[in-house]
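Please read through the structure below; I'll follow up with questions.
Which chain is which? They are A, B, C and D, in the order written, and residues in each are numbered from 1.
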Amino acid sequence: MNIHEYQAKEILRAHGVPVPPGEVATTAQEAQRIAAGFGGAVVVKAQVHAGGRGKAGGVKLARDAAEAKERAGAILGMKIKGLTVQKVLITPAEEIASEAYVGVIVDRASKSPVFMVSRQGGIDIEEVAASNPDAIQKLAVDARYGLLPFQAYWLATQLYDGIAQQRACARILRQLHEAFVASGASLAEINPLITTPAGELKAIDAKINIDDNELDRRPEIEALRDTSAEPESETIAREAGLTFIQLEGNIGAVVNGAGLAMATMDLIKFYGGEPANFLDIGGSSNPEKVVNALRIITGDPRVKVICFNIFGGITRCDDVANGIVEATKRIAIRVPLVIRLTGTNEEKALEILNAAGYSATTSMDEVVQRAVELANPSAGA
Amino acid sequence: MNIHEYQAKEILRAHGVPVPPGEVATTAQEAQRIAAGFGGAVVVKAQVHAGGRGKAGGVKLARDAAEAKERAGAILGMKIKGLTVQKVLITPAEEIASEAYVGVIVDRASKSPVFMVSRQGGIDIEEVAASNPDAIQKLAVDARYGLLPFQAYWLATQLYDGIAQQRACARILRQLHEAFVASGASLAEINPLITTPAGELKAIDAKINIDDNELDRRPEIEALRDTSAEPESETIAREAGLTFIQLEGNIGAVVNGAGLAMATMDLIKFYGGEPANFLDIGGSSNPEKVVNALRIITGDPRVKVICFNIFGGITRCDDVANGIVEATKRIAIRVPLVIRLTGTNEEKALEILNAAGYSATTSMDEVVQRAVELANPSAGA
Amino acid sequence: MAIFIDESTRLLVQGITGRDGSFHTRQMMDYGTNVVGGVTPGKGGQRFEGPSGKGCPIFDTVRQGVQATGANASIIYVPPAFAADAIMEAAEAGIPFIVAITEGVPVLDMTRVYPYVVEHGARLLGPNCPGLLAPGRSKVGIMPGNIALQGNVGVVSRSGTLTYEVVYQLTRADIGQSTCVGIGGDPIVGTNFIDCLAAFQADPDTRAIVMIGEIGGTDEQKAAEFIKANVSKPVVGFIAGQTAPPGRRMGHAGAIISGSAGTAAEKIQAFQDNGIQVMKRPSDVVPLIREVI
Amino acid sequence: MAIFIDESTRLLVQGITGRDGSFHTRQMMDYGTNVVGGVTPGKGGQRFEGPSGKGCPIFDTVRQGVQATGANASIIYVPPAFAADAIMEAAEAGIPFIVAITEGVPVLDMTRVYPYVVEHGARLLGPNCPGLLAPGRSKVGIMPGNIALQGNVGVVSRSGTLTYEVVYQLTRADIGQSTCVGIGGDPIVGTNFIDCLAAFQADPDTRAIVMIGEIGGTDEQKAAEFIKANVSKPVVGFIAGQTAPPGRRMGHAGAIISGSAGTAAEKIQAFQDNGIQVMKRPSDVVPLIREVI
């Protein structure tokens, strides 16, 4: 789950990280009032779940409250990577002597949280990794021990030369690690961590991504979810326990398992079609999930055919068949359904479908080819 | 450091352990008022740093407030193992269906905290260990992981048969472990952990010993120290950074290092003398420590001679010599000093002592024999 | 022979009385797997009734189950909040091979579980995996038994149902499998491609290997290098997510492309560079395997 | 030869600029120990000035110190609150032999430090120990160098100053030592009697061993059994605290008698049962060692 910059900063602040003050506005007037409260120059920052906000014009300096109103007015409502900006963060402008990057992610290879730090702050760490990998220092954290004080200090010595800043940075790194663990994050970064002309360290921008699997046991983090900042169909899908991603094509797909779902998209393209979505009904089968899946897909007017590709394992084919039958009773489905069902309780499923007037195949190639034909009669397989 | 039952219970309560209410009284009137507040029968329990309170008559049932007053009056002021009872805990009497023991200590052999649990609660675990060792189940906790839920549950299955009580016990064990770690304990035990006729688990008595080395970083635990519950000389010694234990003999000893101090006591006995104390001035030398050591020892009228046995390492002999000279200026020392100094800065130390009119030997046997002669002229070496 | 499991596998089922646990225990019993016991706290002493008169005792703890049955493998169906604990319980009880089916285990839990399992000398498969199937011998997991056929092709995959698809294609073409292993798609899993490839290389009953990867991470690239250096048996590979849009998470934590690392193109290139035949679609497995065996 | 240290020891001093650290570094340099560097955060780049023109560079971190100097041993003089971290830092930096002098390290810290050190393949001596001295070769610790004499008796002890006493007695009688090791009296120490006994047994320069224990715990009893089974060289033993009153803590955490376990009588009995000559007082070491070598 993505959370906004202002939410990430709130978490960091709660763990002691020095984060300058900031308030969120949803209107230009509110932005003006907040800027006036701070006095002096402020930065107006779009709160949206997309990278590259700065380049897209979503981060602007304002010299005073009037300018803050103007800037906020321009940023609120703009689209960044397809997402509408509905909130801006207003924060006092800081004088910057230098910028560093500090972050921690869960790393597959070392099976541990890994800290990355760089003296090249203020730009995406991916860019630094690509252009100047030696400018990044890494350290894997053994989760059984946590980030040890000497490790934090060692990382700090890679960024700063004086003992005062090294100590301050080591403290921030330990606080960042605490925040990372306490919020169930998969990524937590401060970029930039600035040094002011007076030598103080401050977290000017922050990003925290939450491991979705942590949300059940962290209701306070789940409460940070901003459904207004994601496409509505994805919100509905998530609430129904489905993984759904909207794509550009006209072939709706309902698949169980992420790998098979991706392979189904690949096969649709292989046969000359275009998938309208990625939709994984997941491992645990429940007829209601199928109903919801069909409801979401049929909401997309571009969809010309819906292709089921179900391979039963922990998902039982009969549950899926029941879901299809149930959905056709409750939703007006105006496009053809093509169905592939194999695996656990396949025979029962076929009985259920046949009884309701549907047929099904056991071949993935066959069902996808059929879907492509129906979606686009002119294209041959 | 020892803390009282009521303090240990407060810590456990803060970690969620079900501990019945209780209040401390220092007078019989106060005990009566507290008992009246609870209503019904109460237990009056001496709060004193000694085991075997019950056998010594320090724990009594009182049917009502008037009896509580009477019981408290009898217990307050009584001596248990030489310590005067100055506080009693008043707690409602509980109906008991069964009693268990749960505890955790730091174990040398496994270099870990080790849980011990037994269905034989209400008696000292040492007695159970001696009489029926199979009645105790043990489990070492890997401190890198803490007490894992399955481990707590497994321990609980060793004590209870029903799932409800197993779950309740597992929860209590995890809370006990948290309290143990959070308070820097070397031992934490609940004995008995009772089951009420209704099936509830409650901690009726509790004991927590704190690792002295944890106190610097845990001021809130250090604040629990009850200096009125220990001999005054030991309080003074501790505040001066000395380890002091009062014994029964007439030869005062000032030694650096616990092993050498014990060996000095042993040698005093070997030569027919009786040590008046164990006194370790510790590893880091400081002339002021010597002054304080002499102040404490000369406060004991039984002492007839004071024997220094110093082997310099991290302790520097010249610091000790300076301390002796300084002490003789500030304290009237009416008994002879016999001095042994060897090791780091030994030559400087001898110069300092000689200049002040003292002599010193480098032989431990010699200095101890001399001390025994001076303390007890009739006994030959 | 097969890898990790065989006829001597004595299986304990953690979470045997749950919906998924009980269903799949019956399926495994049906397949002939020697399920020696189950674990559900509070149900110790009861008996799990399986199909055709089969069944097994239930225990409160894994330790009790191991003591009573001599179990040497465990499979976990408990909910995600308890999965980490269940894995560690199995490892501490001395179970040498642990399969965690549970989906949705927090990855930070796994950063502690993984070293714990290693320290206890156990092998973990999963979590969030379909388990494994040695056709005709033993099934430990949720793969449908009827789609597999005993034979000499080893299958290893990060995906669940996509594995079934490939196995199904092989079986329909009468190409049998030695063992089919789903390693799971989570960021931290106990057993990776390389572990399975090494086991297949050592397994005398495996003559060729099918490896099914997906976008995200660099495990397939590392596996490809490992194959070049250490695997003499022919390998056929597939990568799911060739047409996935970059930067979007595709269902499981594994399937995400961040920056330039972990794209399908990169992985396919690594396969080709290291002598691995690449399938364009799942059904290509049949002609490609026919070529090599 | 000696155990754990010798002329090839390249020592890093953690906490080199503190009162104790700087004093004892000078003492070690004087003794001829090859002190290659020191560590004090914030003082990296400065130089530590030792006696007679000797000196060494100071580093901010152990890692930097190891990289610059190739140190293969470390000694720790930092305050107790930082000692656990300092030990772990040394282990992580690849130092194979770490001596922790610091007194007052919380025992719960050590429950995490000990496995960390083991996992990093290092040996820890201490904490709360006087270090060790290989007379005429190297001194890593705080034992006064002038009381020792090069020779063939290995000395191992849980105590600090009591060790000096015994070494002093030996030297005055012209009986030299191969290595004198103080393992420390805390409940959890990195190196125990058995480790040292095994090393002395393997050391060709050691012909007899003096072992100095004290009340509390069962380490001496275990060591006695180990000696009977594995040590062919003669061993002379002493137990301090024979007259200590039961139930009282005698200075360090180690010296406590609880219940019946860990009394001096019990330990002396274990020595006698396993063929170890027992000293009644420290000065008995001389006649007893003369008897056996």
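Here, a contact is a pair of C-beta atoms (placed from the backbone, for glycine too) under 8 Å apart; a residue touches a chain by one contact, two chains touch by 3 or more.
Not measured: the values here are computed from a predicted model.
Looking at B-C and B-D, the interface holding more C-beta pairs in contact is that of B-D. We define each chain's centre as the mean of its Cα atoms; on that basis subunit B and subunit C are separated by 55 Å. Averaging Cα coordinates per chain places subunit C and subunit D 50 Å apart.
Centroids built from CA atoms put subunit D at 27 Å from subunit B.
Across the assembly, subunit D contributes 112 as residues in contact with two or more other chains. In subunit A, the positions touching at least two other chains are 144-145. Taken pairwise by the contact criterion, the protein chains fit none of the simple patterns, being neither a path, a ring, a star nor fully connected. Inter-chain contacts occur between A-B, A-C, A-D, B-C, B-D. On the subunit C side of its complex with subunit B, the touching residues are 41-42, 44, 60-64, 82, 85-86, 88-89, 92, 112, 116.
Of all residues in subunit B, only 106, 108-109, 111-113, 126, 129-130, 142-144, 181, 184, 186, 211-214, 216-217, 243, 245, 247, 255-263, 265-270, 275, 278, 280, 282-284, 311-315, 342-344, 364-365 touch subunit D in the complex they form. Residues of subunit B that touch subunit C in their complex: 145, 148-151, 153-154, 157, 162-163, 166-167. Those residues of subunit C lying in contact with subunit A across their complex are 20, 24, 27, 80-81, 101, 103-108, 110-112, 114-116, 130, 142-144, 147, 157-165, 168, 185, 187-188, 212, 214-215, 217-219, 238, 240-245, 248, 250-255, 258-260, 280-283. Taken in their complex, subunit B has these residues touching subunit A: 144-145.
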